[in-house]
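Next up, some structures in structure tokens.
Two complexes, one shared chain (chain A), two partners (chain B, chain C).
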Partner chain A sequence: MSGLAESTEQVMFLDPAIRNWVLFPITVIMVLVGVFRHQLTILMTGEPPKPDIRDIRQAKALIRGQILAQSNSYIPLSSFTERKKFLCSAFEEGDYLKNKNAKDQSPVNMMADPKNMEVMMDGMKKQMMGIVPQTLIMGWIQFFFSGFILIKLPFPLGLRFKQMLQSGIMTPNMDVKWVSSLSWYFINLFGLRGVFSLILGGENSADGIRDMTAMGSMGAMGQQSGQPQDYNKLFMAMKDNLSIVYHEWDLANIEQRVFVKYGKQSRVFTSAAK
Partner chain B sequence: MADTTELYKYFEPTVQLNTLALSNIHTLTSWGVGTAAGILGLTGWNGFIFFLANWAVISALILFVKCEGKPSVYFKSSFMDVAGTPLFNTLLSYVLVWTLMHALVYIYD
Partner chain C sequence: MSSSLELLAEIRQSSERRPFAVLKLAEPLLNTRGVSRAGDDAWLVYEQVFVSAIDEGQIELAKAVLVILRTRFPSSQRVKRLYGMINEAVGHPDEAKTIYKEMLETDETNILASKRLIALLKSYGHIGETVKQLVAYLDIHNNDFEAWLELSNLYLTQNLYPQAAFCMEEVIMQQPANHYFHLCYAEISYSMGNFDLALKEYLRVVELSTDNVRGFYGIKLVADRIRDIRAKPKRDQNARIDDAPQPATLDRLSQLATERLVAAYNGANDTCKKTAEEWLKA
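This part shows the complex of A and B:
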């Protein structure tokens, strides 16, 4: 397998015992662990905490302001002005705030709120459910199935991958296509997502890749979600927003527009007063 | 005047159902195509060209037979949703099955 024969395919045959005892078991175990993880996640996810009505009212009041700003073209100017005045004064007074008296205090520390602790613990548990099986399976494969060639990839890869994919085997001349069991683990990891979505339906927790990406973003996200929303500031911002909205009623001068459309009038005469 | 009608144009549960059905189609066909590629003994670039050719045929079938030529009725971003986005995931499934079948037929005694 050197010199002139370098350009030909390296043809090898492998013992079928490898196929029976390594290839199939790895795939089967990965599928089963995925299903197991999915069911366990369903069991472990507790009831989401029931939100306080004042919390909901805060959020909905803000949304009401947004809808008014967005849909201003559907209502005539008088209605719009009425609503705008009502909402702005309510925001100013802090009518919708959870703690009207605590309006000027700085936001409460997130950690002290017992409800939020449960939510965060749930999130952490989910992360654990994702990471631990992956690590376990990888360790198991490294321990039991290392030091031999498992399979040949039908497609070529660069030489850099040789070290990663043929980890236990010290043969400098063997094609990169011949790989060890760890690479079969990776191929399965990527390829079984389709199978999981067939077996477990659309939203399933058996996805290995989503956990890997979640691990990466976990550090960044933990910092941001600790800040509670300061609704007072949000309300003030919405109030400013509403006061600068330019109102234009869709049905303004509609009678004249209809005439112009059917040719009975040459153009729309707008008056100064709407 | 209203880009809020854009928001209300699609009924969300039905869109999700359609997307799920589409993904099931893609998974099953990728298993079939991967088996064919493995058994045929395709290697290297031939395998990927085979995948892309089949992908084109299957996408055309989905668009013209199932969607009756009007994909925007069934999916939000029509063409890209049907043929562009699922490409990578299906490719990964295809590689798994292709490798498996190729090994079973040609590598093991």
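This part shows the complex of A and C:
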């Protein structure tokens, strides 16, 4: 490699052997590892858990409340009131709850439910599948490919990145644009998503970014998406929702609207009597 | 070959019931083993052929297809219900019922089995039992508007109008923009005697679907009926006309209906036209 030039633009010539033996192999290895991971995940993923019939009933009862609240204007007031009363009392009594007797107890401990365990184990296995290859590759790159410059980035970066991207090379003056192989690894991590969706179809498990977000949320393990949701509270909330719905029948002034539609009247009179 | 497969896939997609077409398309495929070209879709094709064969009464073909499916999927619930269907087809309802009940015991949430059981009961005329099963099904899956429709029809066969109206209301809540459901609801209300509600619903039909002839007939009938009732209040105790519009509005509505009906029948052939005109004049 020739020496640094005096101008603001640092020009360096890199050995083409670097390109052949480092650039391409890293990319190729990452693609292969990604595909391998994807296939392995497909093999390892268990069947999604079969929902219990009482769970379904619970969930659909909530949906029913929602539909009633949303579409109340299409049915006459008497029907709406009938349904409102029925659903509110049902929610109050906990008729739709999975376990009516345990209504007032605190939410069930997540560990105790055997079905939940399987789901959690599956999730954890998936996360392992994501993290382990990443760590391995990073270590491998650090071990074999450190200590030299690999590429020049076309865009400038701040000085703070110097430490991360030029990890093996201690030179105070070298432009941050020149980076080591580890940064090539990161570039590949983000860039290969497109390649993977071409090769493996849309939903693939070789996505590096998803693993990183998963790593971030590993800390908040307590929040499983909706699993031990307290349906009693949800039902109470829905009941409150329903009791404050103001029913306005859509068909109240429909005679006017029909006249307007067929050209008998120019516009709808909002305050007109029937 | 592939075009037949595509056509079969289209028929599957649109859930049409066209047994003759399906069998015609599928027969060459089955004979020349072209079905294996469909890959994973082959099993869907087999299922489709099975149902069409039962529809057409070709029980032997159905049995052959069933054997193929059973060898591939020995412990499948989906194949099991096909066994139930073929039992229904040859007239062994009890075996079919046992099969479906078994399926429900192993898996309570199996929708296919619940629906087949209800269909079985209905086809054998046990309306009371059907209604009970359907109500139990709807207690859990209350967002299945087709099931509500079915229940409404069942109630109508027994002339239980209020219950049928309730079911139609559930359907309307889930599908508010479909004018046909409003039409059903309007007609049920009219039969019950809720003329004010019927009028509003007929108007809704006519608003959603321009120049809907049935809707306009309904409007004219209801408007005239309300007028008659108002003229002689003692005649019909069950009629509800409290929310009905003013007489002037009723007249205008009746007039509008007549007009639109005349316009609609202008394009029809002569006998239709004459009958309509005579009715309208009366």
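Simple rule for what comes next: the second predicted complex is superposed on the first by the 239 of 274 C-alpha atoms of A that agree within 3 Å, B and C clash if a C-alpha of one lies under 4 Å from a C-alpha of the other, contacts with A are read in each partner's own complex, and residues count from 1 in each chain.
Here is the rule we go by: a residue touches a chain if its C-beta (ideal position, glycine included) is under 8 Å from a C-beta of that chain, and two chains touch if they have at least 3 such contacts.
From a predicted model like this one, the values you see are computed outputs, not experimental measurements.
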Q. Taking the superposition as given, does A:Gln39 touch the first partner, chain B, the second, chain C, both, or neither?
A. neither
Q: Would you sort A:Pro16 into first (chain B), second (chain C), both or neither based on which partner it touches?
A: first
Q: Using the touch definition from the top, say if A:Ser146 reaches chain B (first), chain C (second), both or neither.
A: neither
Q) In the superposed arrangement, which partner chain does A:Ser71 touch: chain B (first), chain C (second), both, or neither? A) both
Q. Counting only touches as set out at the top, which of chain B and chain C does A:Ile56 meet: first, second, both, neither?
A. second
Q. Who does A:Phe259 touch here: chain B (first), chain C (second), both, or neither?
A. second
Q: Could you tell me if A:Asn241 is touching chain B, chain C, both of them or neither one (first, second, both, neither)?
A: neither
Q: Scan A:Thr171 for contacts with chain B and chain C and give back first, second, both or neither.
A: neither
(Q) Identify the residues of chain A that lie in both the chain B contact region and the chain C contact region. (A) 71, 250
**Q.** Residue ranges of chain A touching chain C (in the complex, touch as defined)
**A.** 50-53, 56-57, 60-61, 63-64, 67-68, 71-72, 74-76, 79, 250-251, 254-255, 257-259, 261-262, 264, 273-274
Q: Give every residue of chain C touching chain A within the complex, in rising order.
A: 107-109, 139-143, 166, 169, 172-174, 176, 197, 200-201, 203-204, 206-207, 210, 243-246, 249, 252-253, 256, 260
(Q) Per the contact definition, I'd like the list of chain B residues that touch chain A in the complex. (A) 1-2, 4, 16, 19-20, 23-24, 26-28, 30-31, 37-38, 42-45, 47-48, 89-90, 92-100, 102-104, 106-109
Q) Taking the complex as given, what residues does chain A use to touch chain B? A) 12-16, 18-19, 23, 27, 70-71, 73, 151-156, 187-188, 190-195, 197-198, 201-202, 250
